[in-house]
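In the two complexes below, subunit A is the common chain; its partner is subunit B in one and subunit C in the other.
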Partner chain A sequence: MSKRRMFFRMITASLLRRRSRMLIALLSIGIGATILAGLVTVYVDVPRQMAAQFRSYGANMLLVPSGSVLTQEEADDAMALIPEEERVGAAPYRYEYLNMVRRQQSFAAAGTDFDQVKRTSPYFKVNGRYPESPREVLVGKGVADTVGARLNGVMELTWFPPSTQEEDQGDADFDIRPGMTLAGHAQGYGSREGFNDNPVYVTFTVGGDGTIASISVDTSSETAGVGTRCSEEAFTDLFIGKKPKDLVLGRDVDAVSGATVTSAAVVQAIADARPVTDESAALVPRTINYAVVGILETGGEEEGYIYMSLDDMGVITGTSDQLDLVELSVSATQDSLERYAEEITASGHATARLVKRVTKSETAVLGKLQALVFLVTIVVLVLTMVSVSTTMMAVVTERRREIGLRKALGAPDSAIRGEFLGEGLFLGALGGLLGAVLGFVFAQVVSVNVFGSDIRFNFWLLPITVLVSMAVAALSCLMPVRRAVAIDPALVLKGE
Partner chain B sequence: MSLLDIRNVSKIYGELKALDNVSIRVDQGEWVAIMGPSGSGKSTMMNIIGCMDKPTKGQVFLDGIDIAKESSRRLTDIRRDKIGLIFQQFHMVNYLTAVENVMVSQYYHSMPDEAEALEALERVGVRERARHLPSQLSGGEQQRVCVARALINHPELILADEPTGNLDETNENIVLDLFRQLHREGTTLIVVTHDPEVAEAAQRTIVLEHGRLVREVVNEHFVE
Partner chain C sequence: MLFRMIKGALVRQWSKMLLIALTIALGASLATSMINVMLDVGDKVNEELKAYGANIVVKPKASSLLSEIYDVEDEGTELQQAWLKEEELGNLKTIFWAFNIRDFAPFLNVSARIGEETVPVTGTWFNHHLSLPTGEELDAGVRSLRSWWDVPNEDWIDEQAPGAEREIMVGTALAERMGIREGDSLILTGTASEANVTVRGIFDSGDSADEQVWAPLDLAQELAGLEGKVASVEVSAITTPDNDLARRAAQNPKALSRADYDTWYCTAYVSAVCYQITEVITDSAASAVRQVAESEGEILNKTELLMILITALSLVGAALGISNLVTASVMERSREIGLLKAVGAHDKAITCVVMAEILLTAMVGTAVGYFAGLGMARFIGRQVFGSSIDIKAVVIPVVAVLISLVTIAGSLPAIRMILRLDPAEVLHGSKA
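Let's look at the complex of A and B:
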């Protein structure tokens, strides 16, 4: 039998035949390794866990148009620069002013994707529910209070084209041709007297003889029961068969009694009308009734908005695929966020901005939290090592007599150290392996209870735990062994 | 030439003279008993001869080497190579079987050889107990295993400290018979004891008292 085989035979015998002692040592190392692996796993995973937690405080990155508008495609391209697993949510927003004509008030409205809003703004408190079907709106509490909107009520909203069109008028000469559709608008009573900014809109088509074939008038901003009568057929039919050029009120058409200003506005709108091209087809006012399915409470400026789906926003404005803003919630560190923002801006798809208020405070809290976990880890680690060493020392000290005997039998100190080191390393490896597995379970339990999510297993932690355990076990064996071999074998053997 | 030549050895612990100018010679193949009451210095003498302690004064030649001058590391080597130890409390590694305990001695000396270890157990009459742990052996069996362990490396000197102190008469006789056998084969034996019967089995008895050699008796009734 070789010396090596005898060496292993002795170590195996020691581990197997001194089972209870070995279990105590193994348990001690195992528990130590469990705590080490567990806490380090938690420590390493804290930034990721907390980053996810912080996402409940809202978006931390904004995408705004690089040019005039941001299309969905540009937004998607920009977002592709952020790893998918880090994107918690991306809510697109398109803002328009919508009017409640009867109340002569206009409100900021946002078209968005509610599924994404739930992710980027988890703090939104919706009384009722989020819109799911077309023509459903979520109304901010501020808006609801102002207009007296109720849950499950109906809200009539009108979109008016931007009035900047006027500047273009008169620039282009055109001939009126049969089949042409023209649209125009002019200041009515409401806007002239300052009740609102909305003009009177007229849309008409030209027949084969160059006269007006059909006409519709939108007087929804005018005084109800007075100016609004100008949109009734009794008045509009007066224009049928008339040449649209050079109409004169009172000569060609009689004004609606009591609504002279509005009537004049209709005539003026016809005079100013421009052909409706594809592009400008959208630029006609639209009024749609919406069901109020939810009232939004946030305590912030969001309460001053009306929210609807992007599709609904497209329907009422006649144009789609124009985003003003994308709110992104990204689960990443400040450094990564800054890098992503730079990459996105550099790509030219969109301009990315960080919500500094959110990211800065996140970084500060994270730093403190990680420092705390680090401190706890170190303290626990030191305590664990002391406890492991004490146990190992006790187990070895018990064997002083055996060490004395081996010395008396002629064992050099190095051989005795080697034998105990071998046992220590074996126990350390076994305990470390046990601890690495249990530690992950421990970290998982901590993570689920504290953060409510699964922990990520770091595979490099396995060899490190095993190595640290082996080192601690070997060191804690060697210290008492060194003391024991220094002792005179005669004294050890004489005792008892 | 003497195997062991102790010349004017003193061992002093502070005020106490454990050994006081003692000289002893033991020849190759001789069987010597060292006797004395407790505190007589026989344990100190045993430790010095066993290379586990060094004298304060004097010289101790073992096989021509003055062990009083050697380092403790060298003493370990000398003990391993030249001396087989037998203790009163047997002292076995409690998680190793009888044969493994014998093999431990081989392991530190040269090469473990299970067959040879079993042969040694056969010789002391506990071959059938080879696979038992110390806790499963009687005191007599344990001491026989220890004798086997002491002789396995063919030492020049077997040094036994109260080898029968923890044994009944039957087992005492078995052990003494083993010693007689070893003596016949030419092994040098030094037995430290306070038991006159054990001492009488030896060729010569050296009596220590208060650290001094007071008497040296040649055993007239010694049977070869």
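Let's look at the complex of A and C:
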């Protein structure tokens, strides 16, 4: 029988014959390895998982236009600089002021993508639901309280062209030709008395004989029931068949009684009217009725806004593909965030800004949590490893008699040490393997229960766990053996 | 005789007993430190999460009814804005959960002119001293509510220092645009009065405040002629994550049953704290800042659950480790047990002696381990949170019961197994 075969036979025989003791040793190593593999896997993956939790604080990066306007394409190009798996959400926003003419109040409205909002602002609390189809709005609680808007009610909103563009009325030198459409506006009662800044708008077409063929008047800025009567047909029909130039109120048409100022504004608007081109088509006020499908509660500034889809915002303003802001929620460390922001700004697509409140606090808190898990892992690991080796030591110390006997029979010290080392390594490998599997199971259970997602396994951990287990087992075997070997076999056998 | 045997065993086999004691001490220290950390981690992380700023905002109730006033006043007269009273702010520290209110600061937004340009001015408390009618003294202010601000050298306005009432802080964007530098003297012209002020510092907030001037509340009130008035109050409170009861209560506290109401009122839910605030400040409406309050609850729950699971794993590990070692040490003594049996000792007596030895060792180990565990918990607390972990007395019985159970579970079956065997076989060494 070769020496090597004898060696293996001695190890396996000792393992088999002393089943209960070996089971104890194996169990102890297994526990150690489970804790090692489990805790280290959790420790390695916790920052990623926790960072994902911190995204519930909302956007940590903002994209704002580099120039005057940000298009969806520019925003997409800018976002492409951030790895896709780190992008939790990207909500585009376009802000406009919309008016509730009846109440003579204007509100900030935002056009956005609600699917993305749910991701970037998970703390939004919506009573009702998010808008899904066109002409549905989500109304901030502040707005709803102010105007008394109810869930499932209707909200009439009017968009007025920005006043800066109004100044530019276009070229005054033109001839009125048949088939032309003209539009104009003039200060009515509302803007004169300071109720609002919005004038009276008139749009009309010119017939074959150079007279007004059809006309529509927007008096939504005027006093309800008084000035608004100027948009009724009873008044507007008076203009049909009249030459648009040089109309005089009272001579060509009679004013609506009680609404002289508004009537005069209509006449003035016709006189000031300019041909409508494609560009200026956008500059006509539009009034649309929206269904209030949700009331938004956040406790923050968001409650002062009305939210609608980007498409709806495009319809009411007549222009699309202009964003004021993109809110990005990125799951990354502050350093990477700063790098991304620099890259995006340098690329020229958009200017990226970090939301300091979120990024700075997150770095602070996340750092603490990581340190906590790290320290806990270290403490638990050290204690467990020491406890594993005490158990191993106890199991080996028990076999002093056997060591003494073998020594008395003439076995060299190195052979005895080698055998115990082999036994320890074998137990370590087996226990380590067992523990690594159990540890991964534990890590997965933690991840699913705490974070609701799968853990990312680090497969390097498997050989590391096995190696560490083998090392701990071998070391704790060798210490008592060394002591037993050093003693006179006669004393050991006597049981002193 | 029993004592002599136990004493003999302990003295003669001291090295084996030491090993058992050591392992048990390790297990006990692990259990002690982990349970202590686990029980306190919620509070500690909660403190840390205060970095995100206030989680409650108090506004005047009437501002939500503003529209009614507006409707009547059709002629475009100036709106009648509602205010909170500055003198009532101290009441915040008199509510049931006063101790949980970490900090608070009032805000008043006015506008003023610097030269030709109109700039928004936010008046607030930076480090304001309050003497409550209850005799309590405290400092409250905006510093801890704006932890993410970069202020050079952390040199904030301090109202308790002389001359602070004429100092302002300027947002970096505004300062850059207008060329304002630290130490500059400016004239702020408000709607009611004007003031000569010095710039204490330029701050970088990363949000809209960068376009504003921040001034002591008194100064802002003076500029706008709104003495004693406050537009909103931000409150940073330590709260318990919301559960079903809290959500139901948030809808309408009056609809709860008496028992539920008491439970809710006496738990630091954010809705309960809000409710209590509205009770002490006239015509106010307090609401949770959901961005902070919601996320806070989420993260607290996750952290606590994570710690519970890690603690569970280490407890199971410690328990198995201890019972494992105890089993091993009992089996090691099979020869001694067999001998005792051979000379005619009763099973009961043998069990008693062996168990007594082990339990005595375990007690010593547990005591040592408990204090070592406290040290470790303290170490973790100091290292991670910079403050000691709160030591809970309830951990002592928990650890004691756990260790005794584990020791008994580890030794009793082993003793029984050896007792069942024929003493001759045990002594011969052919079994077990």
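Keep this in mind: the second predicted complex is superposed on the first by the 483 of 496 C-alpha atoms of A that agree within 3 Å, B and C clash if a C-alpha of one lies under 4 Å from a C-alpha of the other, contacts with A are read in each partner's own complex, and residues count from 1 in each chain.
The rule is short, and it goes like this: a residue touches a chain if its C-beta (ideal position, glycine included) is under 8 Å from a C-beta of that chain, and two chains touch if they have at least 3 such contacts.
Everything numeric in this text was worked out from a predicted model, so none of it was measured.
Asks: Where does A:Arg406 make contact in the superposed view: on subunit B (first), on subunit C (second), on both, or on neither?
Replies: In the superposed model, A:Arg406 contacts subunit B only, not subunit C.
Asks: Pick one for A:Met10: touches subunit B only (first), subunit C only (second), both, or neither.
Replies: first
Asks: Which partner does A:Val248 contact after superposing on A: first (subunit B), second (subunit C), both, neither?
Replies: neither
Asks: Tell me which partner A:Ala415 touches in the superposition: subunit B (first), subunit C (second), both or neither.
Replies: After superposition on chain A, A:Ala415 lies in contact with subunit B alone.
Asks: Should A:Ala234 be classified as contacting the first partner (subunit B), the second (subunit C), both, or neither?
Replies: A:Ala234: touches no partner chain.
Asks: Once chain A of both complexes is superposed, is A:Pro489 in touch with subunit B (first), subunit C (second), both, or neither?
Replies: A:Pro489: touches subunit B, not subunit C.
Asks: Name the chain, either subunit B or subunit C, that contacts more residues of subunit A.
Replies: Comparing touch counts on subunit A for subunit B and subunit C gives C.
Asks: Help me check something: in the complex, which residues belonging to subunit B touch subunit A?
Replies: 43, 47, 50, 52-53, 73, 76-77, 79-81, 85, 87, 89, 91-97, 100, 103-105, 107-109, 111-114, 133, 149
Asks: Within their complex, state which residues of subunit C touch subunit A.
Replies: 16, 19-20, 22-23, 26-27, 29-30, 33-34, 37, 41, 45, 48-49, 51-53, 56-57, 64-67, 70-71, 74-76, 147-150, 204-207, 287-295, 298-299, 302-303, 305-307, 309-310, 313-314, 316-318, 320-322, 324-325, 327-329, 331-332, 376, 379-380, 383-385, 432
Asks: Help me check something: in the complex, which residues belonging to subunit A touch subunit C?
Replies: Residue list for subunit A touching subunit C: 20-21, 24, 27-28, 31-32, 34-35, 38-39, 42, 46, 50, 53-54, 56-58, 103, 105, 121-125, 142, 145-148, 193-195, 297-300, 353-358, 360-361, 364-365, 368-369, 371-373, 375-377, 379-380, 383-384, 386-388, 390-391, 393-395, 397-398, 442, 445-446, 449-451.
Asks: So in the complex, which bits of subunit A are touching subunit B?
Replies: 1-3, 5-7, 9-10, 13-14, 17-18, 401-402, 405-413, 415, 488-490, 493-494, 496
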